[in-house]
């Protein structure tokens, strides 16, 4: 699955996208005519157990076969970008935790680093290491949650409880570190607010020893299970060209065979110091996305172990002005969140409040790939694909 | 690359620069359709990261529309920016990058900028029939479409 | 009148065969009550076992270790509002759960819990069982249609397509077993010598045929009987819409399938029907392949000593359960808040222990043997059902159909033909 | 009563069950032909079929009764219900229930009924009351012997009929696939 | 009527008594206050637009037909299965011909793709 | 009350037959017409089984064949109905007035 060559630099096919997708665009009719056809149209969501929140998918069915889908989103829209324009840089920081609420630490990291770049300051090395440890722990937690819910969607009930049990250990570390479990608000612009607590390293190392057998346990339940294989192999296939054209990122892109990870491509925080691999898949099907994420969990553990071993002493906050007034200008900074590329585009007009904050959410863009992935598949595959895209509606809708 | 593009379009490319290590270029709206095609096909910016806009109400050309692009083969990002006035429309990039579909819909939803050639330009995050474009600077932070709220939710707007 | 009642007790046939209406009624009431209690116990056990598979505790609040949870659930469901959607066809909506319930309970008419412990012994027993269980398809279709809502309709169509598909495989497996019943005698494979050459469709007859042939049909013509049993075991899981074939009610796809619109008591009738059907088809499997009410090795481990050893099992089982309950009592938190629960659990353990002791009394011991072994075998199947649910992901609909039509059906036909050829040749 | 009466099964009960079951059969038949909604008709037909299975049991034909339950109630009626679900019947429900020639049809049926009555009155005496009883206990076995002996040709033809049914139905319904 | 079947009728009678009692009892103790939203069919929180009846794929029907045909086949096997020892080789061949004809049909529909779901 | 003899069953069968005939002749809905045909076949079966009490099991064997026939008939008949419905969007027998479509 994984090979050690760092980057896959082959230029992609100059054709804009697969014909499959373009033909879809011609099909994309407005809602009214969509419902007028003689096929069966059903709503999946917003009140549905398997749409991971308030996602509404309009399915056009022929029996069990999906002829087309249309996502209706926005049920959880809170206007985060508008709020940002009315808050100072510091005040907006906690809001980003509420977007992807299963990976709040990653959100905070991206935002803090973007503002730091805009201010032209840099967090001290110790802070960077703490950031890496927490972010990777959070990636693990996010993947565990994904695995549990994804397996539950496909009908395997038990992994959910296993993953939640183990995720609890991560949340305990978060709680000890910053007092919060989900919406952590762990980082400050310029570094970390808190020094690690007494015994932080010990907890993390204990966790690192605790979790690999658990990951094996999940795999034991699923990876070679015949039904699991039948449900995931060749389901929701997205080709390499389609994946790039659709701008999907994260494990979804990597499962389609593009070896691209922002942690390697444009290292941020302290990622350039660590040795880890970027797992990729070959077919771009649900099973590949599953194996890619499973491998990513193990790689995260590797990163954390290295980070804990090498964590330097020193201050945890850079010198940051009391009142932040970044110079006029704009910045785009993105990080590799558990779900893909999480980007912040911030425009400063020189005041204490950002003039415009644009958040490029990975889930939003990945969700767009749903339609192409489930066309011609069966209803049950829609569930599998929604699960495998690992969307968080808080982030899709912002 | 910039030189080549400048040679091709002359004054169409108003500014090409680097700020904080990030490349951007400001171009004329008339050439942006061509330019995006060229960036995609010739310069291998095969991944459209984001499409967004910024509203400057005091300017004559009120909106900045931005394309943030990335090239896997070059490991490089570039921002393409155009400035347009209110009511002007922008060529759609859906045929260049399929991902532009929802991103353009979101820009339309939030700023009211129309994209020509978009297959299905309608609101995405806000409900159909909502009035106003929330990310414009003249839209207040607690403002709501009171009529819509009353008609669809059957409650008084919370203001 | 009294004579009429007591005369049956000394007879050794089922009430149906004896033509004893009174005892038939008594048996029916016992079976109804027993199945209802079994369904409740199954409900509790499933939640408990599933919870322990999944590193959690399951129901713990209502009664000690949640023992009273099923009763609480029953009360809750009884007192819940019953909602019939405005668009629904009221009459069909009303009658659909009853069809399912009656169909799954009617199977018990022919289930032999022991040589005399059956409501009746029909000479078309297995045919009757197949027919009655196929009626529940009608209930499912009607429930889905009457709801007049998308999800129930899709669920109903799925469910009925699934049930009918697996019924075919099930029927073929059953025919294989029936073929085996014809092979009386004590030849090399338990056939040939002294053959009477007549099979039977009667459930009691099938069990007795296994006794006469000194082999469970599971091991008859190994591996043919085993494969036929496997087909039946898979088909029966699919027939009862249980994991991994629980697509009709796949909560992640269809929210609840054909009974999405049902609530309160009506919904609980579906559940009751489903669990009763699970127990029923397991009983059928036990009857057909696992030697019914016979204890293990009735032909090899003979003699008074072995009889005594095996007859102690029922009592020992209850004593073991009582011991588990007492361990639970000891492990209860020593806090006044838990006093009632502790006493309750101790009382429960005491009752179990008492039952265990009663089961040691020789007359009771001998009477209860058949029923005990039958129930023990069925309980094994019930545990399998829970185990499947905890382990397997769910099949997709096309895969389900593929398994039914392209795997089980050809294998079933193959096994049948091979069994027939073997049977005729030997 | 044809057989020596055994304890528990009184002739009264036989009479009672006969009238109950035949009443149910006929009543359900009436419902089948009068209900507007085909699902209600189907439901009535199912009950009728089950009642008729009861009649078969009374006639010492348990195997036929079993076949009736499995095939008719559990098989063919499923087919009917599926079709009712597959075709959109809302329009036909709003329309007139009976066709234009319903008077003619009714008259023809009544004429047939009169014919039956005549036959009944004339031929009543033909049927003996006491007859040899087929052995109910080995009913299935006997049917097996007949089916695979005397009626083997018809039996093989039946399989051809089923083959034709599969092919015909699949061709008919699969047009679109 | 053979007495063996009497319990079936008793069963029907018991069911006929017990179920109405249960339903009636439940009706007496449960609350009853419906409103429009409660009585709406479940459509994931969206108001349903059209009637759900009658727009389904014909594949389900093909499955049902196959079921009926194979069910008939199974039924014909039962009388043979209980007597096959007496019917002997001849009966076996008869059965094999019978099955063979249906297997031909089965292979035909398999080849035709009627067993494929999609 | 007279003991129940074969004649009683024949009367029931005749009544059922007439009900079926009425259904076939007067209803418009093809599905219900097919159901009425099932009623007729059932009446025949009842006759056959009743006669089997007089003259041995032949009647029962025939009843099984009739049920087989009914299954085949229903399968094909309903198949035609579906094909017809897909073309004409109706299940009314009055409107089946073309020999081909």
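For clarity, chains are labelled A, B, C, D, E and F in written order, and residue numbers in each chain start from 1.
Criterion: a contact is a pair of C-beta atoms (placed from the backbone, for glycine too) under 8 Å apart; a residue touches a chain by one contact, two chains touch by 3 or more.
The structure presented is a predicted model; accordingly, all values stated were derived computationally and were not measured.
**Student:** Applying the touch definition from the top, give me the chains sitting in contact with each of chain D and chain E.
**Tutor:** C, F
**Student:** Please identify each chain that touches chain A as well as chain B.
**Tutor:** The shared contacts of chain A and chain B amount to nothing, since no chain touches both.
**Student:** Going by average Cα coordinates, which chain is farthest removed from chain C?
**Tutor:** Following the centroid criterion, the farthest chain would be B.
**Student:** Pick out whichever of the two, C-D or D-F, is joined by more C-beta pairs in contact.
**Tutor:** Of D-F and C-D, more C-beta pairs in contact link D-F.
**Student:** Any idea which chain sits dead centre by C-alpha averages?
**Tutor:** Of the chains present, the most centrally placed is E.
**Student:** Averaging only over C-alpha atoms, locate the centres of chain A and chain C and give their separation in whole Å.
**Tutor:** One centre to the other, that is 46 Å.
**Student:** Just the number, please: Cα centre separation of chain B and chain F in whole Å.
**Tutor:** 69
**Student:** What is the distance, in whole Å, between the centres of chain C and chain E, each centre taken as the mean of its C-alpha atoms?
**Tutor:** The mean C-alpha positions of chain C and chain E differ by 19 Å.
**Student:** Counting in whole Å, what is the centre-to-centre distance of chain B and chain D, each centre being its mean C-alpha position?
**Tutor:** That gives a centre separation of 71 Å.
**Student:** Send over the residues of chain B in touch with two or more other chains.
**Tutor:** In chain B, no residue touches two or more other chains.
**Student:** Which residues does chain C have that touch at least 2 chains other than itself?
**Tutor:** Expected reply: 18-19, 21, 122-123, 127, 145, 150-151, 153-154, 157, 160, 164, 167, 198-199, 201, 255, 397-398.
**Student:** Residue numbers in chain E touching 2 or more other chains?
**Tutor:** Within chain E, the residues that touch at least two other chains are 3, 5-6, 8, 43-44, 51, 53, 55-61, 64-69, 71-72, 75-76, 78, 81-84, 86, 95, 99, 117-118.
**Student:** Touching residues of chain C toward chain D in the complex: what are they?
**Tutor:** My answer: residues 18-21, 89, 91-92, 95, 122-124, 127-128, 130-132, 134-135, 137-138, 141-142, 144-146, 153, 156-157, 160, 164, 167, 198-199, 201.
**Student:** State the interface residues of chain A toward chain B in the complex, per the touch definition above.
**Tutor:** It comes out as residues 7-12, 14, 16-17, 21-22, 25-26, 28-31, 73-74, 77, 79, 81-83, 85-86, 117-118, 120, 242, 244-248, 258, 260, 265-266, 329-332, 334, 341, 343, 345, 347, 355-356, 358, 360, 364-365, 367-368, 397-398.
**Student:** Across the complex, what residues on chain C touch chain E?
**Tutor:** Within the complex, chain C contacts chain E at residues 15-19, 21, 24-25, 27-29, 32, 78-88, 98, 101-102, 105-106, 109, 119-123, 127, 145, 147-154, 157, 160-161, 164-165, 167-168, 171-172, 174-175, 178-179, 181-183, 195, 197-201, 255, 260-261, 264-265, 397-398, 401-402, 405-406, 409, 413, 416-417, 420-421, 423-424.
**Student:** Please name which positions on chain F make contact with chain D in the complex.
**Tutor:** Going through chain F, the ones touching chain D are 1, 3-12, 14-29, 31-32, 34-36, 38-39, 42, 45-46, 49-50, 52-54, 56-58, 60-61, 63-65, 67-72, 74-76, 78-83, 85-86, 89-94.
**Student:** Can you name the residues of chain C that touch chain A in the complex?
**Tutor:** Contact set of chain C toward chain A: 50, 53-56, 150-151, 154, 158, 243-244, 246-247, 250-255, 389-399.
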